[in-house]
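Two complexes come next, and they have one chain in common, chain A, joined by chain B in the first and chain C in the second.
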Partner chain A sequence: MASPRRAAVVGANRIPFARSNGAYARASNSDMLTAALDGLVARFGLADERVGEVVAGAVLKHSRDFNLTREAVLASRLSPWTPTYDVQQACGTGLEAAVLIANKIALGQVESGIAGGVDTTSDAPIAVNEDLREVLLAANRAKSTAGVVKALAGLRPGQIVPEIPANREPGTGMSMGEHTAITAAHWAISRTAQDELTALSHQNLAKAYDAGFFDDLMTPYLGLTKDNNLRADSSVEKLGKLKPVFFPAGADKAEATMTAGNSTPLTDGAATVLLASDEWAAERGLPVLAHVVDAETAAVDYVHGDEGLLMAPAYAVPRMLERNGLTLQDFDFYEIHEAFASTVLATLAAWESPQFCKERLGLDAPLGSIDRGKLNVHGSSLAAGHPFAATGARIVPTLAKILHENGGGRGLISICAAGGQGVVAILEA
Partner chain B sequence: MATETLDAPPTLGALYGRALLTARSGGDTLPDRTLELAGTTIDADAVADYAHVCGFRVGGDVPLTYPHMLAFPLQMRLMTDREFPLPAPGMVHLRNVISQRRALEVGEPLTLRVHAERLVSHPKGAQVDLVANVSTPDGEDTWHSRSTYFVRGAQADDAAEPAPPEPAPVVGDRPHAVWKVPGDIGRRYAAVSGDVNPIHINSLAAKAFGMPGTIAHGMWSKARVLAALSGRYGPASTVDAVFRAPLRTPSTALLYTAAAKDGWDAALRSSKGKDHLLLTIRPSS
Partner chain C sequence: MSHDWYSDFVNSGIGKTIAGNLGLPPVPVLRRWEPGQPLLSGAALLGTATANGRVAKVVRAVLSDAGVEVHEDPQAPIGGGSSTSKVAAAVVDATGLSSPSDLAAIQGFLTPVMRRVGSSGRILVIGDVPAEADRPAVRAARRALEGLVRSAAKEARYGATVNLVHVADGAENDLESTLRFFLSSRSAFVDGQRLDVGTVPGYAGSSAGTDWDRPIAGKVAVVTGAARGIGRTVATTLARDGATVVCVDVPSAGDALARTANDVGGTALQLDITGEGAGEAILSHAQRHGGIDIVVHNAGITRDKLLANQDTDRWNSVIDVNLNSQLAINDILIGSPDDTGFHRGGRIVTVSSMAGIAGNRGQTSYAASKAGVIGLVDATAPLLAPKDATINAVAPGFIETAMTAAMPVGTREAGRRLSSLTQGGLPVDVAETIAYFAQGASYAVNGQVLRVDGQNLLGA
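Let's turn to the complex of A and B:
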């Protein structure tokens, strides 16, 4: 399926990612997104420019931040006449934002746009206790003083306890880690395999920093110049000493394989990526790193349907491959978001499984295996960290630059998201 | 069976007081009468309160379990009579089967009828069925419920015919949800249902009735499981639930679900694997 024209990935800027309650503990989503935007503006000379659109989002959002992206643009050096909107698709937010802009560019509705994402788990919104909220809302609805007094008579000391957001699925009460522990056990993903993937992610990211790969993709923020979750000396031996932290519900604890090492930590950070038509980039003498070829989303019934919470990309990729007449092996690079090491390994195992591919995907033959040497070659979320909405806007320019430096090629992006969703895309250079 | 017509729903607090304070004569046979309350309606605010406590969506169909809120006071009125053969305080809910033809609507005039039947022996005491019907003024039977209650140590004759087979849900070995059952869920459910049975609210009282501590209302756990399966079954359904080991509050419970050929199966278990609730949802015949 040929699109009218393909949107170009021009470049990007992000701030280093920081482990929760650390370097960015005092920064808000709005602060971080503005910082990332301003770095992008400086890098590409966009001060006072009106780009077609800025589309970004955050997963954990204060209600006052209903127009998060618009407020960030107003605070940035971009033209205040730049329109924006917020999107939220859990961990797929950043990639979905890029897809939305790429589609508008493809249709000629805009010539340029900035996609982004930001999240903080340090400056998280705290909600009042549900009982207190009901009392306060009832008081607010009351039309007379007596009515207000009557409603407030429902106040109790226990209602002071606030509600702090947790990455729990509302439908199942299980955290993402607990869900993934079930998936890991189902696919018999070994502890060693998870630790190997994790160590490699750290080593690859460290090498990329050493080679200066991120020099034109990042600007320092609040004293950080690189992701502070990165452990360049990470090894399978060191990771092997960590105790499991996520357990498959209702099962033997001996099945547990997931540790704080082979799971992404809670992270603060922001990322942005500049997309444009080839003409827009050429007019400004800006590079084209790669083009967005196609994208696909999928969702799975992880609640009652016996599919893993983070397995939607396993369904999205084959649909996108079929539409583009490609096989899983027709790629030079793969960027599979490392929500957990076991997520990447379970997805690969599913594509290799004849039973899964037949029963779940309806395919005659399995998608097969990939050359692991082409996977997450400059590290991914296990090493960099994972500020939920920002990850897609980290991965898109990373892959685009890898393809560009390679002198061309095709790359696959796969991102799993809360709610049993997945966003995947193809880039070509 | 004679019909006694009520003008207004009985007040549950007073009934419990009566049950606890009045000397019972405790006859051998069930009251041979049906209680009837005509012209009652379902209130939107009350349904919203109920939905918040049980996890249902506000503004959808009236939950299939909700009419039990209307029928329960009538059941209590029957069961707290001096002559009722079993004592109401400390009664344990063993099973509840609800069959609905269609979802009831907020505000529509409804007639409730409640009677007791099947007082029979149980290996550890005696049990009785409280049967409730909801119909419309033109006689359309829309909702039917049978609740089986058990009293430890009570006596009754053996059943003349065997009890209908219990639901036997078939579920896998991986839980689909992990619930933190709040310590105050008994108080909350009591507030919306009027079922202020002390075994759900006060741990001393619960222990006095032989419970390990406060336990969740069986009808709360049934409603909560149905809410978890929202959107997966139609309004014309029969939901059969048996209550096994009491669900302590607070505690952690694991929900297991599986699609059946023509409905859903579910089991709610303790974190140690003990069954609390076994439930099947099937289309109403």
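Let's turn to the complex of A and C:
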């Protein structure tokens, strides 16, 4: 079989990301995804056009949004004849959506597609608690009015408390931050190192804005023209004043290192990326920023397997490197999603650790270190924010454009996800 | 946009009676263009001032091609009506004048015409270029037409307009797009104006085969400041006329810009036109469309301050956006390759302003920039001729937009009423004029500045 063609990253559009309960407090997932799509349609002249597929998703989703992407496409300026499907792989959703489209393009099943992701923690679905749900279901099953009244008569105030979705692992009952605090302690990631990475993320993102890097990657929305989590004047000194908010279970509280500054905030936003075959792009005179070379996913047993919740990319990357005959140093740029500053640092530490690489990865030698000057050069989630499913669709075009502006090169994307999962990919230009 | 309640009132049944009793000025409802509309809604009268006229033949051909019934006698009974029944237009071939005494023939023709031209009617006088005449008597006669036309425009009622076209020696066959523009409802708000055809030498082009419902079909147009206001309407109008439109505006206006681009089926380019490399960015974006045929420099800002209170930063921001950006982008366009850049036969249209002609209190920077635009057009026109390209400007008067809605009531009402058409123009009026300049068929129209102001009394 001839080796399949590589999908091209043509361009992208996202809306600025907004801190939770702020600028987008009244926007739904569907509103934001539609806005992101419409900006993409405008940038590439796709009004009334049918692309091969639109694949997107959200992590926090109302049950009425079971067909979120399709509804957004119908509300958008794309042709209503455009097929869609939803995916959901926690924080890996956006990247996984891009991989799915890239694979279909590679196989010639579609010529073009849009991958995306959206999340709102402001307009989150609120569930009724389990007691109330049982009462309501019983009332619904009742055949007579008297039966309904009887079922509802059993209600007690405590049953009406809503269940707001939390960033909590069902398997352990611990929050993602608490999990990560354990990993940070395990890898002895210092507070300073985390704050340095965070300050750099803000400074790099601010510089990218000033250079107009996002002028063709973003469209303003509801009055926002920039990610409003961005603090251009962020510094290690300022970050150093924040109190820790996540504590490693059982450890001394004084050793806590993770603050609201070096952790990503809850964020609302949407992102989309346009992928296509080279032929499709050429027919329309559109640029090819980069190609999708390969992707890999991994999962870790963070419940019983003695591995950190967000460490799956540490496993996925070496598998992908091996398949492609590459070393960790064979990249010009690295985009490692900053769920927490310590996540990035723990992942890098693992790859540098002979013990981890031997015992966990079965490698004779460690993957080694990377040139930190090539990491998240235009900022990442600590500065931009992290609307879970949107992040992958933010990172793919960011890296693709960096490679394109560099006049070529290879880049690595690594995204950790809830549930102990990870999605990683290689782009080349 | 602030609503013109006065116009609504005087056009309502009771309002008409009251306004009539009080002697309030009537506000005619102007006929505006839509695809498929015939060139004229009725017959036309065609007068000739002398036996040496050069353009009557061409006018007749254009009118009959457009299916218009033409009569030469200004008192001809038309369509079974009387010698005073309404006509849609009157055209005077006023070329070939040898002395001011020849003007009487024009007066003789136009006097009965003034009462015959119906609402939104058109009177178009076509004369020779005064500067092409050396003899004082000839030049005086040619120049006299301007005074006649500007005064007749002030006299005409019910939305009828009177305009003057100068046709250079040898350009009589290059008039079609201009005739069609001035006669049609596309020129609804152009009144009492003069335009020269064929005055920049070395032009080339043809109007043969033009689809007059979609005169720029297949062309690629770039419109700056397309997120809102006049620019948005220019984008819509050029798309209606057949162009693919690249819509440009600052990144912070990107959401409105995306709406424009999607509404016109074009593309959005978020770009500050004052930034370094703006011209290159426009060219590079347009690669996807195979290059550029039409550029409309519409983006503009006001930072009004009395000169006594002016500061240099505000001053510079106006000059940069309204003038320097255009100069820089034009340089890039002119230097670009014919095939993949700014195409041979391209069109540049820029937006000046009545303020740039008449001046306006508190608008020194704005008026300087808009007057500068006229100088830019004058000097660029001959540079474009070797590319068979043209550059022209529109100078809008009072146009109903968010900008004018923000004016104090008194200024706004004066802006509306102090014009021969007694109302503000609409963005589409500016857009139609731009679309006319943008036509391939307007190849002989170069270096012109046309006011779209309903013959505003300011700077008239």
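Operating definition for what follows: the second predicted complex is superposed on the first by the 413 of 429 C-alpha atoms of A that agree within 3 Å, B and C clash if a C-alpha of one lies under 4 Å from a C-alpha of the other, contacts with A are read in each partner's own complex, and residues count from 1 in each chain.
What we mean here is this: a residue touches a chain if its C-beta (ideal position, glycine included) is under 8 Å from a C-beta of that chain, and two chains touch if they have at least 3 such contacts.
The shown structure was predicted, so the numbers you read here are calculated from the model rather than taken from an experiment.
Superposition of the two structures on chain A leaves chain B and chain C fitting side by side, clash-free.
Applying the stated contact rule after C-alpha superposition, one finds that A:41 touches chain C and leaves chain B untouched.
Once chain A of one complex is fitted onto chain A of the other, the partner contacts of A:371 are absent, as it touches neither chain B nor chain C. Superposing both complexes on chain A places the Cα centres of chain B and chain C at an angle of 150° as seen from the Cα centre of chain A, in steps of 10. When the two complexes are overlaid on their common chain A, residue A:215 makes contact with chain C while staying clear of chain B. Once the two complexes are laid over each other on the shared chain, residue contacts for A:405 go to neither chain B nor chain C. For chain A, the partner touching the most residues, choosing from chain B and chain C, is C. Once both structures are overlaid on their shared chain A, chain B and chain C have a minimum Cα-Cα separation of 45 Å. No residue of chain A lies at the contact with chain B in one complex and also at the contact with chain C in the other. Those residues of chain C that touch chain A in the complex are listed here as 244, 247, 251-255, 257-259, 261-262, 265-271, 275, 287-290. On chain B, the positions that touch chain A within their shared complex are 52, 172-180, 228-229, 232, 254, 256-259, 264, 269, 271, 273.
Taken in their complex, chain A has these residues touching chain B: 134, 171-174, 178, 182, 186, 248-251, 303-304, 306. Residues of chain A that touch chain C in their complex: 35, 38-39, 41-45, 47-48, 77, 212, 214-216, 218-221, 225, 284-286.
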